[in-house]
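Structures incoming, each one as structure tokens.
Two complexes follow with chain A in common, the first pairing it with chain B and the second with chain C.
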Partner chain A sequence: MTTHGRLGGPARRIDHLPRRKAVNRMMEVLAWLAAAVAVGLLGLVVYSVVRRGWGALNLDLLTKTPVQFALTPVKQGLANAFVGTIVIVGIATLVALPVGILVALYLNEFAPPSVRNVVTLVLDVLNGVPAIVIGIFVYGLVILGGFDFFGLMPKHNQSGFAGAFALACLMLPLVARATMEVLSLVPNSLREASLGLGIPRWRTTLSIVLPQTVGGVVTATVLAVARVAGETAPLLFTSSLVGPQVSWNAHHALQSIPVAIFELSESADPADHARAWAAATVLMLFILLASVTARWLALRSRARLTSR
Partner chain B sequence: MKEEDSEDMSTTITQPVKVETRRQPLPPREKLDRIFQIENLEAIYGTKPAVKGVTMDVFKNLVTAIIGPSGCGKSTFIRCLNRMNDLVPSFSQTGTIRYHGQDISSPDIDPVAVRRNIGMVFQRPNPFPKSIYDNVAWGMKVLGMKDNVDDRVERALTQAALWDEVKDRLKASALSLSGGQQQRLCIARAIAVEPDVVLMDEPASALDPIATQAIEQLMHSLKSEYSFVIVTHNMQQAARVADMTAFFSISRGEEGQRWGELIEYDATEKIFTAPTDKRTEDYVTGRFG
Partner chain C sequence: MSAADITPDVPDVARRPFTGRRVHFGDVMLQSVAGLAALATTCLVGLIIWKVVDGSRLSLDTYGLGFVGRIAWNPVAGREIYGAASFLFGTAVTSFGALLLAAPLAMGVALFLTELAPQALRAPVTALVETLAAVPSVVIGLWGILVLGPIVRDHIEPFLHSTLGFIPLFGTPGAGSSVLTAIIVLTIMILPIVASISRELFLSVPHDLKEGALALGATRWEMVRGVMFPYARGGVTAALILGFGRAIGEAIAVTQVIGGGVFIHWNLFDTGDTLASKIAANYQGATTRLQTSSLIYLGLVLLVFSLIVNVTAQVIVRRSAKKQGITRGGRA
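Let's look at the complex of A and B:
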């Protein structure tokens, strides 16, 4: 407790009171400014991208394919890139989601503490591996090394599958760590309630613990999707040598939004630049929307879990 | 149930406990079936023993109360009886716990099978976040009791003295019930799977006197079908419901270690009126500590 001499307590002088107050005020202002800079930065990014991309943002962008070497202005878009991103990210999610959940279930519900600590650290390290390193790894494994995942991917060739595998490597630690987080929020008394009835451990985990975490897992998945949908580096090595046609077939290399933005930005045609900005706008709006949705889902599930 | 029982819920007792109960006189011990034969049980968390040297028999179709001060290992002890402590990573135990003659503490016994026979009701009500009906029915269905589920649910809820309060809203969430109702639901859930023994770890500690009374009454009326072991802080509760009472206390070693120990185990009447050990007498008359 601070004792203030003038407030009738024991007479005690506090040195430099006005200066202390001023320092306190200054630190508050500094902290506030730092927060404002963070918010302002996001605002600036959104503003500058949307300002440049708005002009080229139309339905053609989503529905038409690119035309190479167009001599006269024709209607064109990046439909191949949008479809490609949907396919690649979709496959990556289908792989990373179940594996990530199983990893989290094992670590949180079954693993002894020593194993749990080590594997958690490994996940955190994996989470910190730069995306381009993951890209090179998959390039070395699939395209140089010719490992085709037992016939799933074409050997020595780029493919949507190879890109999806690279993105799945990035998603896995995100999904696993976030799922562990929600699993640890499930009260132990609930596990005991089920085990106390003589219900086996796996059944308790599956029927009692896991349903409690659905909200959190969905949140984690949405965030992970938002994160990897914008990854360029892993796809440059694994799924970037593509034609302009729309394809849903992941056995071939598929175009994707981030790679398309990168390639268009190197074009000589200003119209290509405009399309790159527009694609960037779409990508960014998608990520913003996904993050807000995830946030909302997380709040809801957390409220449900902690209301017990 | 007597009215005066519910009045004094305080934990500090200044008056000697009056023993008033509807208990039947106990038949001689040799005539009772033994469900548990516990020998020299020691339960350890990490390197610290929580209870040491517990040797006692638990009898069939009786209510056995475990009383004692906080930290004397009552909960640890009762959780040994259905291998609930297996969930604590640093836990280990020595000694034997024979359940109908079979040592259930040995590592090759499946704890799931143990818990299937020896159910448990916990200190805080912990219903599943499911409907009232599913709370009772889910366990039965998973354990393969799939015929006459509706009848079994009704029977369990009736035995737990909850049926009349919930029969019109079985599909409502169990979390919408009051604390006392939730605890009775947990009891219904435990007895619905027809265990042999029901362990209760301070089942009334979070409940008001009326809910407590309901739970005591149901133990009394169900003990012809089940055997109960109940941990309680509340001596009047032990005096009211238990046929046999075990008094645990804290012992101190020379280097300041503390562990729980079984001091005295006898008919409740005897424990509360003519205890042989001075420590038991001090505790039941409120002169403890």
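Let's look at the complex of A and C:
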């Protein structure tokens, strides 16, 4: 009896190798294919939006208002939607940004671990609430319930403020979670050095720790703005029943770009579709620009934080 | 005095609540203002749940839990009756369908980007995938209704029906608005999310483990199956669940392409409705209080399901992060 025969290893392994190599090859090809299909599909979406939108893109889109019941083709745009989106997203940012930063400061700098875990989970849950549910929540609170935020919003009516509040609910967890992540990157030696010099804790937090996070917070804010600027669902129930005129007054319902695209896409008129494509292109360009800016800012601030 | 008491706990000192001798007014202020913000956020989630329950109270009182099991949506005065079953079914079919299509594609993309792609391709393809995660749903819906719909109607549906028509899923082709179109649109929406999270997870697999497997003679696929998949399993599962949650909650894009209808059927080429799309389709106002209340009841059902899905995902993320000793924040 030879050891060679008992082990039998080499002979069998040689038998298996071609099959294993073939399986490996097949899986590699499948991964390449999956990537090609996915990237192709995603590229196709962008390409077909921009191709259709680019031709319809002109200054009228930004400067003219929509015309209702036009009998003859007239030049019209979506100026009311652009203004409305700026107002609504602007107010939402003004609300969500400070609250989000404060929540992150509390969780990272003050809260005991148990509270920190619970509230972090709450933030993640809030992030997972579907946008349409946020929409009907604000609808139930403001329009059905008549809660007017101490006179800020008109009771029982849609308004730009109601829409902004809905968007702020979506932005808050995004800003807070991102700020928490940047805060955890700030080295503890900075906090200790400051406290060791006798600087009170609040001054340390506000003047030493927080300035370190500006880059990261700005990045998070830009990404959050880009995200909610394209949200339709929360605005459908809170700020969608509007006229064609341009208005900066958030006490009334304001049109917005996503809601305008949604309404135009359901229309039967090809001219409406052209405007929808153009508005979609503008929205996509804005989001692309925002994410490129955010990426650049993130790289810069991360380099600053970690080079220390 | 034990050793633990005198050993300076360096990293923890700075984040312990301030307990110095002198209490600064500013400390109290900042801590209470920030704490108030955190409290308000927690209350906000409670308020959302309470308001959605409150808004659906009329329907809850009228129908009770029977609402969830009934196939009906008739707003005609005098014969009003509402139920959620068909929308629940539509939500399940579209979300599972999208997950089934997106999961292998996303795994393929993530593996491609971490293992296979030439260095020159990795950065641009990663950037493309991550940017596409940010494309608004209304834009994908617009593409779905005007570009994808006709393609599905003229090519995909007839082809599938003629080759696989014996399966009830691929029944008589209908219009461009169909459950299948909704599934494809949802796939496009969740694919970039799942792919980019999975890519990060695969990147976090320690190099020595991968190199060890390769050094033992494993082929690349055997290394992926034996080392990378087990290491990233928890995270990838959570990513898939989060993608599923996105699909459940997506209202706008689905409303645009699914076509509507109150019935349960297995033909992917017929129209349908999901919980979220039914709510969104009625944004211009319901006719009666009972209808409004029933719409909010649909929202309540949706909220319950997405809360379950999301909390499950977060628990898995936290557990696998703890197991691997790394802090990976819940990336929703």
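Quick note on the criterion: the second predicted complex is superposed on the first by the 266 of 308 C-alpha atoms of A that agree within 3 Å, B and C clash if a C-alpha of one lies under 4 Å from a C-alpha of the other, contacts with A are read in each partner's own complex, and residues count from 1 in each chain.
FYI, contacts are C-beta pairs under 8 Å (C-beta built on N, C-alpha and C of every residue); 3 or more make two chains touch, one makes a residue touch a chain.
The shown structure was predicted, so the numbers you read here are calculated from the model rather than taken from an experiment.
When chain B and chain C are set side by side, the one touching more residues of chain A is C. In the superposed pair of complexes, A:123 makes contact with chain C only, with no contact to chain B.
In the superposition on chain A, contact of A:289 is made with neither chain B nor chain C. In the superposition on chain A, A:185 makes contact with neither chain B nor chain C.
Looking at the shared chain after the overlay, A:112 reaches both chain B and chain C. Applying the stated contact rule after C-alpha superposition, one finds that A:197 touches chain B and leaves chain C untouched.
In the superposition on chain A, contact of A:212 is made with chain B only, not with chain C. Where the contact sets of chain A with chain B and with chain C meet, they give residues 112, 188, 191-192, 195, 200-201, 203. Every residue of chain A that touches chain B in the complex is listed here, in rising order: 112-113, 187-201, 203, 207-208, 212, 307-308. Across the interface of their complex, chain A is touched by residues 10-11, 13-15, 17-18, 24, 26-27, 29-31, 33-38, 40-42, 44-45, 47-48, 51-52, 54-55, 104-109, 111-113, 115-117, 125, 127-132, 134-143, 145-147, 188, 191-192, 195, 219-222, 224, 242, 245, 248-252, 256, 276, 279-280, 283-285, 292, 295-296, 299, 302-303, 306-307, 309-311, 313-314, 327, 329-330, 332 of chain C.
The touching residues of chain A, counted against chain C in their complex, run 20-21, 23-24, 27-28, 30-35, 37-39, 41-43, 45-46, 48-49, 99, 102-103, 105-112, 115, 118-134, 136-137, 139-141, 144-145, 169, 172-173, 176-177, 180-181, 184, 188, 191-192, 195, 200-203, 205-206, 223, 226-227, 229-233, 236-237, 240-241, 258, 261-262, 265-266, 273, 276-277, 280, 283-284, 287-288, 291, 295. On the side of chain B, the complex with chain A involves touching residues 82, 84, 87, 89, 112-117, 119-122, 124, 126-129, 138-139, 142-143, 175, 186, 189-190, 193, 195.
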